[in-house]
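Presented below are the structures under discussion, each in the form of structure tokens.
Same chain, two partners: chain A is paired with chain B first, then with chain C.
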Partner chain A sequence: MIGRVPNWIVWVVGIIACIWVIPIIGIVVTSVRPPADVTLGWWRLDNIRFTLDAWMRVWDEYPLANAFWTTLWITLIGTGATMLLTPAAAYAFHFLKFPFRRTILVIIINAFVLPVQVVVIPLFQLWRDTGLIDNILAVLIPYVGLSFAWSIFLVKNFMEDFPKELIEAGKIDGCGPLATFWFVVLPNSLSAIFAVGILQFLWCWNSLLLPMLYLRTTIPLPVLLTRVSGTYDLNWDLRSVAAIVTTIVPLFVFLIFQRQFAAGSQTRTGAKE
Partner chain B sequence: MSMSAADAAARSSQLSSPVGGGRRKPVAVRRRRLGETPAAWLLIIPVLILFSITVIYPLIETIRLSFFDIKGLGKPKFIGSGNYIKLFTDPAFRNTLWTTLMFTLGTTTITVSLGWFLAMLCSFAPQRTLPFRVMIFAAFGISEAVSGYMWISMLRPDQAGLLNSVIGLFSPGFAHPWLGDPNTALWMIIVAASWSGVGLPLMLCFAAVQAIPKTVLEAAYMDGAKPFAIMRFIMVPLSMPGVRVAIFINLLGALRAFDIIYVLTGGGPVRSTETVGYFMYRESMTQFKLGYGAAATVILLVAVMVISIPAIIQRTAGAK
Partner chain C sequence: MATVTLNNVSKSYGTLEVIDNLNLQVEDGTFTVFVGPSGCGKSTLLRMIAGLEPITKGDLVIDGRRVNEADPIERGVAMVFQNYALYPHMTVEQNIGFSLRMAGLEKSDIDARVAIAAQTLQIEPLLKRKPAQLSGGQRQRVAIGRAIVRDPEVFLFDEPLSNLDAELRVSMRVEIAKLHNKLGSTMIYVTHDQTEAMTLADKIVVMRDGKIEQSGSPDDLYDNPDNLFVAGFIGSPRMNFLRADLTATGPRLVAGPTLSMAGLPSQGEVLVGVRPEHFLLGGGDASVAVKVDVVENLGGTRYLYGATISGENVVVEVRDRPGIKAGDTVHVGIDPVRSMIFRATGERLRQGH
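== the complex of A and B ==
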């Protein structure tokens, strides 16, 4: 395309990339070597033994399985609620007329700048007064509520390219506003909704601050990990397993669907010729 | 709500009124379809409720609380601008402002410049660097709690820490408590945050360069432009939109940073790594000075708003 590419460019990028994955390799190697062999560092080659001991024991040592199910449960509900409510609102904002439509829209899509710290104190008081502390609703409500700022923006942008002919056709076939949404717009916006779902999935799974403050006994994985790595225990092998378990699902979701982000915003669906 | 019933009702009402007649008259159809405005409210009401609880109410309440002195469960006492005056005379908070500035500028500079540089290099060989891009981008997909843990193990104060061992190759027996020394702790947090962050500017700038039409690059090549000239005069200027977006996202992300600081140092040693976003947590959630913490949050909010003015104008203008 632009002449011969010098090989050193590929080498430079390759070397940087290899440096980049060292921390990841570090915890994977630590998790499968006996702790006695790695007291001087996981990269030492003087005594190589492979063991899955830590992978077996961690489930008894830490409440990792419970935390995994808690995380999965919270994440799935949070993601599902956002994927359901966002397209409905985006459709109303884009295709329907109602009073204060633009004012409300501007407020919602600009809320993306707010740091999560803003909700910490008021929601803490609110959950304390309503007895929702340690209830998964205490994190689910902000997960879903805070997602609208970016998710509605994303889906509404997608809908701006939505072919008007399809809406008209729906009207002629006798669809009201709700039926148009359900039968015409929703099935043709799945790629944008899917992109929102992936982002929300990662955000719910990885968030630490809110569950740390509002949950006590049913805690998700990132909170559990900070609890066990905050203590000065020397179980580097067990903690590495916990770290891998914490991030393996979102990491795979992220790597598999990284193309989906771009695709979601670019693909034009609908209008079949 | 049964959609098939609504559909059937819609169809039956269709028969009794002319097509394309604009607004439909509420003729005597038993189950007529919902008007546009009620339908819109029905669709956005759940969003409005949740948004009010989690954004509007906390925003107003945080600002209100910042004017009150609240200790634990005691009765709030109105003190006007007392919290703000106290903040700016509190040496710990002034130190926090400095830390926030260093952290925000440090991570943004490293992340965006390195990501942009890598994107430029990758643009010369998009196919061959694909696996490398994925490797670097993968760090972006790891949760901060986990990347923090990874860096704790990399930066262990003894010989088992990789950084100490690498330096130990040149000066044997080298051991430095990277996260336990107030002089190095903040830099290590910047390194860890940049490690996760580089993938985003890399992808944004790379996508911006890939969006350049092939004909432009071919024309430049036919005119005899060397790879460096192509980079200097075509790729660099045309990647700038990606750079701008990356800078903005990074500034915003660094200002609100919490997880990585909490995991790596917990604000220490001797409060040397507390940013405003962390200070707010410490004062309100561990010291239970809710009003004081709220005032710090408002300061953070102002900083975020100032940075976001261009983005807010753009979004508001684009909202049709």
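== the complex of A and C ==
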């Protein structure tokens, strides 16, 4: 029997949740009040006026819509590529035999310890020499490549529990390695792949350093956000709108797909439990 | 249909030799059962035939063709796994049809063949379900359906019934036997349940430590085991072994009497093997006193579990109802004609050799 949760836990969690939500309320309120009214704080009630002025202006003053599409585009490609390549790599490392398997795996996983900042300069030189600066490939390649470290690790760990007999049944049924991967492994690894997908989506969407350095004309939202807040104007309202537009998608993605985190492995082979 | 031949086949994992220079011929259309204690290499051997495990040395020949390096599909084998290994994300229908889909058949052909397989196994009402929604016995049928739909040359079963409860195991055993009669394909079946082996097999292959101890028909192995291991392994309850010393007239039991048997060496310690049903209750030339500890009543037959005065545990099968109780001492006769003599090393001594 599951005991009732003690009251004080409910209170503590509730208070923490409220504290966490306050900044969000703050930017929403700031975005709909004239900047002059909130210079002393968005919670001030001395002069209550609402306006959607900022929500109208920001699109004209900054290329917010473009940045939104750029971000979406880069994030979708980066996430899709990771969701496809990671399980393929994890499958190969876990179930296939090829020379230097362990060595390659260790090298890839070790990229974990390498912070992005370390590769920024060499990558910049590489992209400059190959003419990829201001090309979205300049960020997509490191997005996918750098995420391999943790994503392969995560999916490969998931596959430790993947029933070997399913792979063997696939072999008996006439699957080669690719067909086994596509028809047997992939459909039964969805929870792990989605978990990787969500993390990668959030990481790509919020990524600032790489696009700031490698992209010039097509910039994603976080970079634009720094430009909006980098001015000396009194533009708290515009910043708030840009911030909301930047965070709204990851928020929804997380809310919609959070169940995937909790979903258990669905790879029971059908043996009687 | 096909014959399967293993020529000097060995398998090692690193330095660990699991299958040791094994020769075997599986005839076309026969039902062959591999039995042996846990870890003797039955599964390994089956998986080598299936193409799931590389063969270290020797040749595997199916239908006259050496297939050591061939994929399972090229070998024309289908396999039923112990834990079914059904694809959890596919319906029963898709599970059964999957190999046909991989072979590139038309959807309509696949459906037709799946329907026939489902009918054979009486699982038509289950076709739209997922494996998680099936009982153990139903899953097993689906697993068999997945094998028969391909119409393979050789069926391989690795302990397919061991996850089922006792009753279901018996009925599935009968169904597998029927299936074999109906399809007439070559079937190789691994089990460590010797009842399954006796009831299903045309030919039993008894294995131990990666070697074949003896192979032959169930009756052959039962009536005429080549060694102590096979004698003890085949038959349930198992054969009784009584210690004895050889004399010029025959083996003299430590428990008392001497069996008059000619044509044996006249010296050495041996074991006399007697099956539980071959004891003669209350009589015979050479009889041994057995103190009964437990009487197991199965209705038609009873088994008396007890010990001789020299301490050997024995089981005696009794058909009528003689009113023997635990604690009684009975005298059971040993018929020399139906006794088998084994050296302590396990080798069988036959009269006149």
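Quick note on the criterion: the second predicted complex is superposed on the first by the 238 of 273 C-alpha atoms of A that agree within 3 Å, B and C clash if a C-alpha of one lies under 4 Å from a C-alpha of the other, contacts with A are read in each partner's own complex, and residues count from 1 in each chain.
Throughout what follows, contacts are C-beta pairs under 8 Å (C-beta built on N, C-alpha and C of every residue); 3 or more make two chains touch, one makes a residue touch a chain.
As the structure is a computational prediction, the values presented were derived from the model and not from experiment.
**Q** After the superposition on A, what does A:Y91 contact: first (chain B), second (chain C), both or neither?
**A** First partner only.
**Q** A:E165 contacts which: chain B (first), chain C (second), both, neither?
**A** second
**Q** Quick one: is A:A179 in contact with chain B, with chain C, with both, or with neither? Answer first, second, both or neither.
**A** Touch partners of A:A179: chain B and chain C.
**Q** Which partner, once the models are overlaid, touches more of chain A's residues, chain C or chain B?
**A** B
**Q** Taking the superposition as given, does A:V29 touch the first partner, chain B, the second, chain C, both, or neither?
**A** The answer is neither, since A:V29 touches no partner chain.
**Q** Regarding the shared-chain residue A:I77, is it in contact with chain B (first), chain C (second), both, or neither?
**A** Neither partner.
**Q** Is A:P187 contacted by the first partner chain B, the second partner chain C, both or neither?
**A** In the superposition, A:P187 contacts chain C only.
**Q** A:I152 in the overlay: touching chain B, chain C, both, or neither? Say first, second, both or neither.
**A** First partner only, chain B.
**Q** Per the definitions at the top, what is the overlap between the chain A residues touching chain B and those touching chain C?
**A** Touching chain B and chain C on chain A: residues 172-175, 179, 183.
**Q** Using the touch definition from the top, list the residues of chain A that touch chain B in their complex.
**A** Interface residues on the chain A side: 1-3, 5-6, 9-10, 12-14, 16-18, 20-24, 26-27, 30, 38-43, 85-86, 88-89, 91-93, 96-99, 101-102, 104-111, 113-126, 141-142, 144-146, 148-149, 152-153, 160, 172-179, 181-183, 202, 205-206, 208-209, 213, 221-223, 225-226, 229-230, 236, 239-240, 243, 246-247, 250-251, 253-255, 258, 262.
**Q** Considering only the defined contacts, which chain B positions touch chain A in the complex?
**A** Chain B residues touching chain A: 1, 3, 6-7, 10-11, 13-14, 19-20, 33-37, 39-44, 46-48, 50-51, 53-59, 61-62, 65, 118, 121-122, 124-125, 128-129, 131-154, 159-162, 165, 195, 198, 203, 207, 214, 217-218, 220-221, 226-227, 230, 252, 255-256, 258-259, 262-263, 266, 277, 280-281, 284-285, 290, 293-294, 297, 300-301, 304-305, 308, 311-312, 315-316, 319-320.
**Q** For chain A, which residues are in contact with chain C within the complex?
**A** These residues of chain A touch chain C: 163, 165-166, 168-169, 171-175, 179, 183-184, 187-188, 266-272.
**Q** Can you list the residues on chain C that touch chain A in the complex?
**A** Of all residues in chain C, those touching chain A are 50-52, 71-73, 77-79, 81, 83-89, 98-99, 102-103, 131-132, 134-136, 139, 142, 146, 163.
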